[in-house]
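Chain nomenclature is as follows: A, B, C and D, assigned in order of appearance, with residue numbering initiated at 1 for each chain independently.
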Amino acid sequence: MTDPIPVAVLGAPGRMGSAAVRAIEAADDLELVAGIGPDDDRDDALRAGARVVVDLTVPSVTKDNVLWAVSNGIHAVVGATGWTEESLAEVREALGDAPSTGVLIAPNFAIGAVLAMRFAEVAAHYYESAEIVELHHPDKVDAPSGTARHTAAAIARGRAAAGLGAMPDATASDPDGARGAVVDGVHVHAVRLRGLVAHEEILFGGVGEQMTIRHDSFDRASFMPGVLLGVREVASHPGLTVGLDGYMDLGAH
Amino acid sequence: MTDPIPVAVLGAPGRMGSAAVRAIEAADDLELVAGIGPDDDRDDALRAGARVVVDLTVPSVTKDNVLWAVSNGIHAVVGATGWTEESLAEVREALGDAPSTGVLIAPNFAIGAVLAMRFAEVAAHYYESAEIVELHHPDKVDAPSGTARHTAAAIARGRAAAGLGAMPDATASDPDGARGAVVDGVHVHAVRLRGLVAHEEILFGGVGEQMTIRHDSFDRASFMPGVLLGVREVASHPGLTVGLDGYMDLGAH
Amino acid sequence: MTDPIPVAVLGAPGRMGSAAVRAIEAADDLELVAGIGPDDDRDDALRAGARVVVDLTVPSVTKDNVLWAVSNGIHAVVGATGWTEESLAEVREALGDAPSTGVLIAPNFAIGAVLAMRFAEVAAHYYESAEIVELHHPDKVDAPSGTARHTAAAIARGRAAAGLGAMPDATASDPDGARGAVVDGVHVHAVRLRGLVAHEEILFGGVGEQMTIRHDSFDRASFMPGVLLGVREVASHPGLTVGLDGYMDLGAH
Amino acid sequence: MTDPIPVAVLGAPGRMGSAAVRAIEAADDLELVAGIGPDDDRDDALRAGARVVVDLTVPSVTKDNVLWAVSNGIHAVVGATGWTEESLAEVREALGDAPSTGVLIAPNFAIGAVLAMRFAEVAAHYYESAEIVELHHPDKVDAPSGTARHTAAAIARGRAAAGLGAMPDATASDPDGARGAVVDGVHVHAVRLRGLVAHEEILFGGVGEQMTIRHDSFDRASFMPGVLLGVREVASHPGLTVGLDGYMDLGAH
């Protein structure tokens, strides 16, 4: 058996961060060597010998953390959202001087959501109709969810690749907006129910048949397999990878 | 065994009418004595000895058919929609002179849809959140469906009876209308997919739990048990009954 | 506003007990006056003025607790399972001397599961086919679940009341037992999946249609509305009531 | 626009055959040049100029039809089941002398079922638990369905490739067989309900999440897109292809 990979977590006291700390501690092939909070010195991670840092901080500091990791030759697995093309370009440039270092920036660590999006893109080639229903707890402030928007974009790519045009829809009267949002040509519906967490149902229809792909996240714990996959694989993927699917065996496309 | 009930169908050549003709012919306890089309004389039904007429004609003639049936002492089971309070009052007045005659006017003969609506009203007492997703073929011109509107009204009645206020919903940003229509305070979402027929999913949520009631109509045949129930029961329910649930054993409420 | 009801919890340190303690403390119309553990003196509840006790102890002591409550004129809401007809008879006899005292023994406090069972019994009158799929976490040791067995019994009662015979099933070859268990004439299937908690799906089929009733328990918190309903209503229901549905407005049947 | 592809159907009077005839007639890029029944001379297809034959006959004659097509330089799209390794070897040998001729033998023309199976194999890499529920009309004589058996095999392949062992299952008491069949280590449950046609639900579970892939066939028409895909693509795939997925863009694996 090989030695465990030494890992540091930036943003360790946060909700995602503390879940990541627990998941890393529980994994036999990983060793948590530093948990860094906003008041700590991130160079403690270097002194502790971290080979991979998991950055679960906030958008305002995440880019600086990634550049710091790259300049120190440490691989980085990053969960924060809000990256712009300019920020990504800066990371790519920094990586030019560190050709063996890997950076994974993953807006979504839920493997199931990533799988659902990829399956949706493939299935979209073969169905006349496709719609999305996303369901969340009622404390969510935006609708539809970012995952639903990304899924709509994936369906649109699949349909375009297959040469499909607009979906059939004879709706002539919809005074109250029951048909929902249209994102990249795909109708998206947002349900809010007490008791739910984060759920997505992708519906495809053709003559005489229906296909449904559904993903349910019941708990933040569902993100941890994705974080661990990133930590284990980042050293084998030098350069910048955006999206967890870059590390998953989903077939070329 | 008792003699079969002699039944006539008005609107026999139509899609619902011809399905009703087949269903009555297939039932051992019923006998089809006349199938009347728009060019036929409805008095043929009297001459053939009909004791019940099933009216599956169009809104413009259905009221006249019902008054004709009542004046001839025949029970009527009616599927046409578009009845106004004034039309119903005329029928009630006519029935005043025919106290043993029964009339059933049922906007929906799908027993499953009627059950779903009643269950929704009961469940609505006990859940903080409730929403409706209706799914139909893409040739449907209106959204949401009439069944979904009636279900929203039933949920609103249940919530009011339980003293529940507005549902929780923190949505602050919904630029594309993903939250759908609001009918009687209930969010209603309309999905249109090739391959589907008529489907309704009613979702309830409370802390730590969800309840779902779903009805799928795959085929017009699903309306026939409701038509036959009406034919068998109408003689035992003198006066006017609106809604098939008046003949179903759903418990007092 | 009336004074809050003083409530004591027996079995307060357990998982259900501590959830009940929190739920009672959070309710404006209830006041927790005592939380009794296995090493405490239950008479503390009397001294603290409890008018209702919630018994969430283990089968071996629950009957003694109920008889103690009745003899002291305190209403009891009881969650423990394992009651025999003999034990229930003892409680009924004790209540004979305390005509204004109420006891609720509820094998299942999940309002949604109780609703699902009642809806299933009603729907069973109207469908040719009915089956149950229950889904739980993989640490559950018995299959199928008690709730699924009770639901099968409810479906059997509904079918019997409607005069329905055996369900259609042409299965001639099933070498590996894919058709699952048969409980009271109803096929019951048990799924075990990591990530799930406790879920039940009840499926009804007729010509051209399907009806589905599903209940998902994601969290023990889903039992608390049922416990609180019991506490609030027990004083208005003198005598012994078995099953939470006795307190719910489900219509006579 | 290119000329339409001339197509002949063998087994044209059968249920699948007549559906294929209608689908080909309705497609602008295909031309039906012959519909051959059991009493017709299949050489009529040659005389009519067919470049592709669709064989929807019975197992006893399908192999002979394929060999006849290959020997005449016509591509063949074949739906019959019951092919043995020996029969496939004969076809491969015949194709050795006809290197530009294509033969597709597809046990399942439902694109959705093929997609579901492939998605299941991919998803199986990432989940601790997986089970299958298949649902059919109650006139089906075997359980579980062939599609469910193939899906279980696909899940087993995916789990093996990911190095996953047995699924978690603490079931100690299951007196009535509620846990269903075990096929290649995967639990499979068969539901039979009046009103259904052919449906499959594949369930995956991990800590804090669930993924569901469902395919519904409501009508034989759902097989026709797969037949047409085969007809359009067979000329571009010389040699023998078994399984419609060989013609679909599902990514290398």
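Quick notes on this one:
Following the convention adopted for this analysis, contacts are C-beta pairs under 8 Å (C-beta built on N, C-alpha and C of every residue); 3 or more make two chains touch, one makes a residue touch a chain.
A quick map from chain label to UniProt name: A, B, C, D = 4-hydroxy-tetrahydrodipicolinate reductase.
All figures in this text were calculated on a predicted structure; none of them were measured in a lab.
Of all chains, B has its CA centroid at the greatest distance from the CA centroid of chain A.
At the interface between chain B and chain C, over half of the residue numbers involved are used by both copies, so each side presents largely the same positions.
Chain pairs B-D and A-B differ in how many C-beta pairs are in contact, and the one with more is A-B. Each chain gets one centre point, the mean of its Cα atoms, and the points for chain B and chain D are 40 Å apart. In this assembly, the C-alpha centroid of chain B lies 34 Å from the C-alpha centroid of chain C.
Work out the mean CA point of chain A and of chain B, and you get 46 Å between them.
Multi-chain contact residues of chain D (touching two or more other chains): 195, 204, 206-210, 218, 222. If the chains shown are joined wherever they touch, the resulting network links each chain directly to all the rest. Within the complex formed with chain C, the residues of chain D that make contact are 127-131, 133-135, 138-144, 148, 167-174, 176-183, 187-196, 203-210. Against chain A, the residues of chain C that register as touching in their complex are 195, 197, 218, 222.
On the side of chain A, the complex with chain D involves touching residues 110-112, 115-116, 119, 122-123, 125-126, 204, 206-222, 224-225, 248-253.
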